[in-house]
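For reference, the structure is listed below as structure tokens.
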Amino acid sequence: MSAVVAAETPQQRQRARTIFQKGAPGRRAFVCPEIDVPAVDAGELLPERFRRAEPPRLPEVSEPEIVRHYVGISKRNFDLDSGFYPLGSCTMKHNPRLHERAAALPGHARLHPLQDVGGAQGALELMWRLQGALGEISGLPHVSLQPSAGSHGELAGVLLTRAYHEDRGQRRHKVLTPDTAHGTNPATVTMAGLEVVKVATNADGGVDVEDLRAKADEDVACLMLTNPNTLGLFDPNIEQIADIVHAVGATLYYDGANLNAVMGLSRPGDMGFDIVHFNLHKSFTQPHGGGGPGSGPIAVSERIAPYLPLPIVTRVASGNGSGAGFELVEQAAEGPGSKSIGRLRGFHGNYGCFVRAYAYICSLGADGLKDASESAVLNANYLLAKLREAPIAEHLPAAYGELCMHEFVLSGGPMKRNLQIKTLDLAKRLLDFGFHPPTVYFPLLVEEALMVEPTETETRETLDAFAEAIAGILVEAAEDPEIALGAPYSTPVRRLDEVAAAKRPVIRETLG
Amino acid sequence: MSAVVAAETPQQRQRARTIFQKGAPGRRAFVCPEIDVPAVDAGELLPERFRRAEPPRLPEVSEPEIVRHYVGISKRNFDLDSGFYPLGSCTMKHNPRLHERAAALPGHARLHPLQDVGGAQGALELMWRLQGALGEISGLPHVSLQPSAGSHGELAGVLLTRAYHEDRGQRRHKVLTPDTAHGTNPATVTMAGLEVVKVATNADGGVDVEDLRAKADEDVACLMLTNPNTLGLFDPNIEQIADIVHAVGATLYYDGANLNAVMGLSRPGDMGFDIVHFNLHKSFTQPHGGGGPGSGPIAVSERIAPYLPLPIVTRVASGNGSGAGFELVEQAAEGPGSKSIGRLRGFHGNYGCFVRAYAYICSLGADGLKDASESAVLNANYLLAKLREAPIAEHLPAAYGELCMHEFVLSGGPMKRNLQIKTLDLAKRLLDFGFHPPTVYFPLLVEEALMVEPTETETRETLDAFAEAIAGILVEAAEDPEIALGAPYSTPVRRLDEVAAAKRPVIRETLG
Amino acid sequence: MLAAIGVDSLAEIFERQIPEGVRLGRALELPAGKGEQEVYEHLRSLAARNVSVEDQTSFLGAGMYDHYVPALIDMLMERSEFLTPYTPYQPEISQGGLQVMFEYQTAISELTGLPVSNASVYEGPSAVAAAGYMAKLHNGGTRIVVSAGLHPHSIQTLRTTAHGYEMEVVEVGLRDGVTDVEAWREACAVEGTSAAVFAQPNFYGAVEDAAALAEAARGGATGASGASGASGAGPAPVVICQVDPITLGVLRAPGECGVDVAVGEGQPLGNRLDFGGPSFGLFAAREEYMRRMPGRIAGETVDADGRRGFVLTLQTREQHIRREKATSNICTAQALNALGGVVYLAWLGRRGIVELGELLLARTHYARETLAALPGVEKLHEQPVVREFALRLDADVAAVRARCVAQGLNPGADLEALTHRVEDRGGLLVALTERRSRADIDRLAEVLGSAVAAEREHEVVGSGV
Amino acid sequence: MLAAIGVDSLAEIFERQIPEGVRLGRALELPAGKGEQEVYEHLRSLAARNVSVEDQTSFLGAGMYDHYVPALIDMLMERSEFLTPYTPYQPEISQGGLQVMFEYQTAISELTGLPVSNASVYEGPSAVAAAGYMAKLHNGGTRIVVSAGLHPHSIQTLRTTAHGYEMEVVEVGLRDGVTDVEAWREACAVEGTSAAVFAQPNFYGAVEDAAALAEAARGGATGASGASGASGAGPAPVVICQVDPITLGVLRAPGECGVDVAVGEGQPLGNRLDFGGPSFGLFAAREEYMRRMPGRIAGETVDADGRRGFVLTLQTREQHIRREKATSNICTAQALNALGGVVYLAWLGRRGIVELGELLLARTHYARETLAALPGVEKLHEQPVVREFALRLDADVAAVRARCVAQGLNPGADLEALTHRVEDRGGLLVALTERRSRADIDRLAEVLGSAVAAEREHEVVGSGV
């Protein structure tokens, strides 16, 4: 009977056709309201030379076709609601649906950004409370919610550093980053007109303090650090590192992507950092949306506060004495933002994300946030322990350390040598088991890296099943490496030719 | 490489585990609000003998587990948003999402059924307008929205008929139904304490008028008819039929399940019917929900009106002269409902369905409803024509007629004899092609029946693809009938043993 | 497409099929169609003329309750995969829906303490009527005894349908808020009694002694209905209990009280109010009723490869197979609402349903004592209550309610308006959910207290004293 | 779990890793956690203190617009499969998201008339800043010329970031509402000019002569920016246009006007207002910029079996590969919002986008003429407008607005408050969408008319005459 079963899965049989290849001339979903105003000569409305000659060739499809099309292709996605997603550095924790409900309330979702302050008190209060909570969580009291994502927060942070030094009459040129840093760190430094200087990593996976000391001079504007770093390790020398950097008058920037390890346990401000960005889409569980939206608020210390981007929200005694009110500060005469670097985007930031993050903070509260971090670290250590069992450990040893924080990095080097399969193959084979693979080939300094972040919202059963799948793949590869090399098999498409795609890029549909 | 691919599809590998088999003791999603009132002795609150000793063994699962579980099993469903669903008699037309949005508005969704009339004017107006629209569409002016589904409407209808005759001092015992009738018709007759008498179907698929005449006597309470009937045929003798039935003082009941064929084109009231039920979930596109909710309002003629179930909504001049208001009539001194058969359920009917149906009627309007029926009939005739082409027609001839209304019935008899596959096998093989099969083995008088209702919201491309799939299966069966006999292959499970299930029923999970 | 069909025009298709005499020669008298935006605005403006439980602190209950519905239920009920398919006639592509039914049946069975549950019926009162019909099929009796503590809609629905299946409905009155056990015992002992129906808690909020009622219905015999009744003649009546499922975390399960069939309104379990529907009706019974149950039932089985799977089962009960011999005429039921129900029960969980019950007990007790302490307000009965209770006001209820509503607070339902019983004059039925906090209760006390006071004064003045 | 890890307590895991000096020895000062119901109520009470476009007829625009978002977009954006995955790093299990990007790129390319689109950036103003950076990478220039008709947030954002990448931002003023072409030509001719940025329609609602501006930026040379500038010396500046995508059904596409890079705020395309975000920024360009674009780009390819598939491509531009040499630092972008955008464009369709544009043209014209006819109200410029226009009031704008708001109507944005330009004093920016009917406009005329009249009277009285 199995001859009958096509070698293709049902999804594979559904060949990709774009919405532009569907429909037929004249079909439509939108019904335009009637023109209810007096007719006016077309030329008077808009002179011919400004008019588009041919309509854009958008799809011509009915509503049922649109629904089927996008529901159909949505099924070609793996997602967090469908399975384990231990993508290191990305904190793929469960997204409570309450947040979507709250954010969709018309009072939030249908509020115009230029609504008068008096008609936006709920929104401003929410932002003000979120600023306060983020300040408390980070130990850095002054918060701007404006940046649109982590890397945008980084840009804000480096520009703040620049402004801080320039205000002191200094044009410092260098930003130190460890070689474990996420790619957005160096990319940001360049965009902000500064230069990246790499700091070495020591044998334990932390900052090489001696190398740091050697490079920390008066031309250093800032040290950008992730702590726990991208190896999942909390730097034991953090206090010393902070001292070294501060000693040369530079600032410390905290890449908050890994904040999920330390909420309520340790605070960047207390570690000596001046600036931190938050990834609300990570630690504060904004759904990742297939690659955004995110939100990257920043919190800063007293000395950085004057340069903060505006607007920020403040609480003021209301004019008529009827209690407090909230205001958007667009220009500040003194205090935070008084020497603002300016705006980084339109309006006030990704408010929709603020609603979700704030709902999350309200739900968890002080204890819950701490509990989340503790459980995240517990889960990571448990999974690490499971992956230290035979037959895994010999092929996929942990890159550093015995314990880890909320994530850990394995090296696929031995696997590659022993079993002739690479980290990429392992990852692709995991797809057949219904798991999203860990982050692969990052951080760069670990050979054939696999970066695993289980998060606190996964059950022990899931962690066990994942460890079992890894073990199974390794055993299978020992017998027949071809299986992993040819994987995946059961996904909507099989391994894709990325090289061809980049060589001769086809990045839009060709229309008739 | 294909040895590597398990014979199972990814979905098949996911073995069914119920929510009761997941979780762990102590896990939970719900956080109970704190008891904010003074503590009272447990026995005073509720004496021990009334108290449950052991909590019900409900699942112990966290929110992420619930989400994954149900999202996961949802993917084991085929649905209308994913593909063609030509389930005859069920009118699986596209469900516009606007309706869900409108029904979810708190003013509709969170309105308590006992809200004071003054606080429910919007809801009552909506119901009143829907009553009016259904009256106009059916040509029968008096409407009760109360019944919960089609068969509930039928029950109301037969009870109305009984009440009508009883009010005239008559206890009539028989209800005539053609043998093409849907199962709910005879089942309802029995539940309403009457007897089913079958009327034969003539060679053209319509009511055998002579047989009807022979059976129509003074003991007949009612004739229940679907028109177009379940063969998709509009009875050309409908006027004559109505005359015969009325001549013996019986009523005519119109099963409105097939109303999608005639909206704006022909009205049950004008055909001579006294009572009609609507399936809002069919003609008026309430999503079918995996088997409900539905809604089965009834419309009746003047002579039946006094017996209508209550409440119904009426419009009244408001007391203070500030325009019209709407009232729920729970007891009527005169007019509709004054001799009411009583309630058929709690409260006012499936209001959530009314919102959707009303939104649909507003969207389409008079022309749009007519257009919908016309397109439904056009699509059915087009598909029928496609299925009359070789190689299909010789194996799957149309049961009756040349043209059809919104659906048609094929007979799989020749296919069974020629190709050794039955209608069931064809249906199961269709699953592998991503189509929901037509209704099978109904109506009963067609051998190996296949009842196809494409609806108006399908594109020509889809109809063509469906015809092609049927043709492909027949060609395949001619070569190797085993393929269809063993189908389906690519579904989450393969053919299921229904006989075993019924023999030793396991209808709940066994708990530890 | 016309060419393929072989006609010259669309009109031809209709002209050849619909006799001219019944063709509608005009356009329907309905407004013209509108775009999505305009229809939405219209529906929104209608919604805006309703006062929802978001707009008003409401103590309305009497069958439907303002529980918090967790967001994940909306998400799941709106998923295309659950929202848009129909009844799982093709089980191979309907395992999702079928498994939900199976889980639902398990949850309802656990909750009621009865081994057999169907996959839901329409809603509460019609579930009572369906149970009555099942009793008739079971024992062929001709009488149904109902407690006056049953929801009035249930009694009315039962009367309507029982008239069809030709059974007499006999009401037994209450005594201090609960079914008068002696009258009940007598009524049930009458020959031909097919079923005995009561509610737990009853319509007045009172906890009935379910075990005693079940026993009395059987003339004192314990055990299930197979045993013969007290009269010695016919079989014992089928004991049917209408439950409020949310109370079953703290109340003894019907199955433990000797009840044969438990039915109930499912709305409190994760379904929104929707001005009264759609929701679902739960229906569970002892094993012996399995083949006479109404509605869909999912059963477990295996596929051709031995994999676990689910199908609709025991279909020989159903109309599409048995037609006039079917045990019920139900076809389209309430699958989506039942999904909401089982997800809600999973969300509450084994502990949550008890905690919620305890919370309701505590708040209801507090509310009852607080309100009954107001001048002109007294308890309608002294029985224990779980989440709803009845008061008697020494003032016109409609007028008092109107005064409260004007303060943005709905104090509960006017009992007499629902039951049409003169002895319920002055009755107010107050319901609690986890959404009504102590602060809300205190506010109710304040508003109700002054409304009653004002009305009494008003009446005194009005009466010319 | 602790045993498996080999520790005695959870605390041990932290004690062994976090130096004591930086351990937080106390609880965070945040309120205690709450259940879903309570959090929802809190968030709802905050929402209730906002005045949304459902509560108020609003003519606010100035970058974000109250368009009707069809319900199917909500449904799709809320589907787990689109909502909860991350960037499609594993293309084999991300074909849904990747295909959406590919379709989005196609739609934006069609809309703008430019061959290359990325999969979106954050939002409008930062897209302008990103385009400025791309110009620098492209030609190494040091100056960016911007029209004063650009959205003030765009100018400010550009200034902030250009300070980082060390470019000078030079503003060119307007003449009767549109960019002063001669001043623009001169400014662009200055050596080192890397980019020239204008908006279409501009911030004041005016339709710019895009083709003329593009030509002038290149010193009269037609064709793309490869050609050298007027000064003869350096290369011609990159011509960047910030578009309002909803106008592109009726306005000539940037690609047809000689524009090199089109950027814009995507919110009008099926994204809700959300008090300003999240939305998405569109970013399209001529072919030659393809390898310097910021952000994700999906490309077509085939799988091992030759099946069509999609991957993230041209990744050597990106930070995760190129680190400090990347063309942008963007990582998490706005995939979900871009999904809303492409679904909206499919929903509008080829005809719909033109019809909608025509509707906006007609209503905007009507509104402008009607309002400008009011005493004390005049047009701020005479240029053609599509969906937004600027007025000058002979009265205090803040006071007039407050009067209108008190009538439940928001008449539009206070121009000066946004631009901080004195010449904008008295300016009111009025935006239309398909949700604002003629009746709304007439009401605006009435309310605004009397507000202006009242203020003028008030001012006259106030001035003591």
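So that you can tell them apart, the chains are marked A, B, C and D in the order they are listed, and the count of residues begins at 1 in each.
We adopt the following convention: contacts are C-beta pairs under 8 Å (C-beta built on N, C-alpha and C of every residue); 3 or more make two chains touch, one makes a residue touch a chain.
Just so we're clear, the structure is a prediction, and the values are computed from it rather than from any experiment.
Undergrad: For the interfaces B-D and B-C, which has the higher count of C-beta pairs in contact?
TA: B-C
Undergrad: Taking each chain's centre as the mean of its CA atoms, which one is farthest from the centre of chain C?
TA: In terms of C-alpha centroids, the chain at the greatest distance from chain C is D.
Undergrad: Mind checking the centre-to-centre distance between chain C and chain D? Centres are C-alpha means, answer in whole Å.
TA: For chain C versus chain D, the centre distance works out to 51 Å.
Undergrad: Could you please state the distance in Å, as a whole number, between where the Cα atoms of chain A are centred and where those of chain C are centred?
TA: The answer is 47 Å.
Undergrad: Just how far, in Å, is the C-alpha centre of chain C from the one of chain B?
TA: 21
Undergrad: Residues touching two or more other chains, restricted to chain B: which are they?
TA: In chain B, residues 27, 30, 32-33, 63, 67, 71, 75, 81-82, 96-98, 100-101, 460, 486 touch at least two other chains, as defined above.
Undergrad: Show the residues in chain D shared as contacts by 2 or more other chains, in ascending order.
TA: As it turns out, chain D has residues touching two or more other chains at 33-37, 40, 44, 54, 70-72, 74-75, 78-80, 434.
Undergrad: Provide the residue numbers of chain B that touch chain D in the complex, in ascending order.
TA: 30-33, 67, 71, 96-101
Undergrad: Quick one: in the complex, what on chain A touches chain B?
TA: 1-2, 4-7, 9-10, 13-14, 22, 24, 27, 62-65, 67-68, 71-72, 75, 81-83, 94, 96-97, 432, 434, 457-461, 482-483, 486-487, 489-490
Undergrad: For chain D, which residues count as touching chain B in their complex?
TA: Going by the criterion above, the answer is residues 33-38, 70-72, 74-75, 80.
Undergrad: In their complex, what parts of chain D are in touch with chain C?
TA: 36-37, 40, 44, 54, 68, 70-71, 75, 78-80, 434-435
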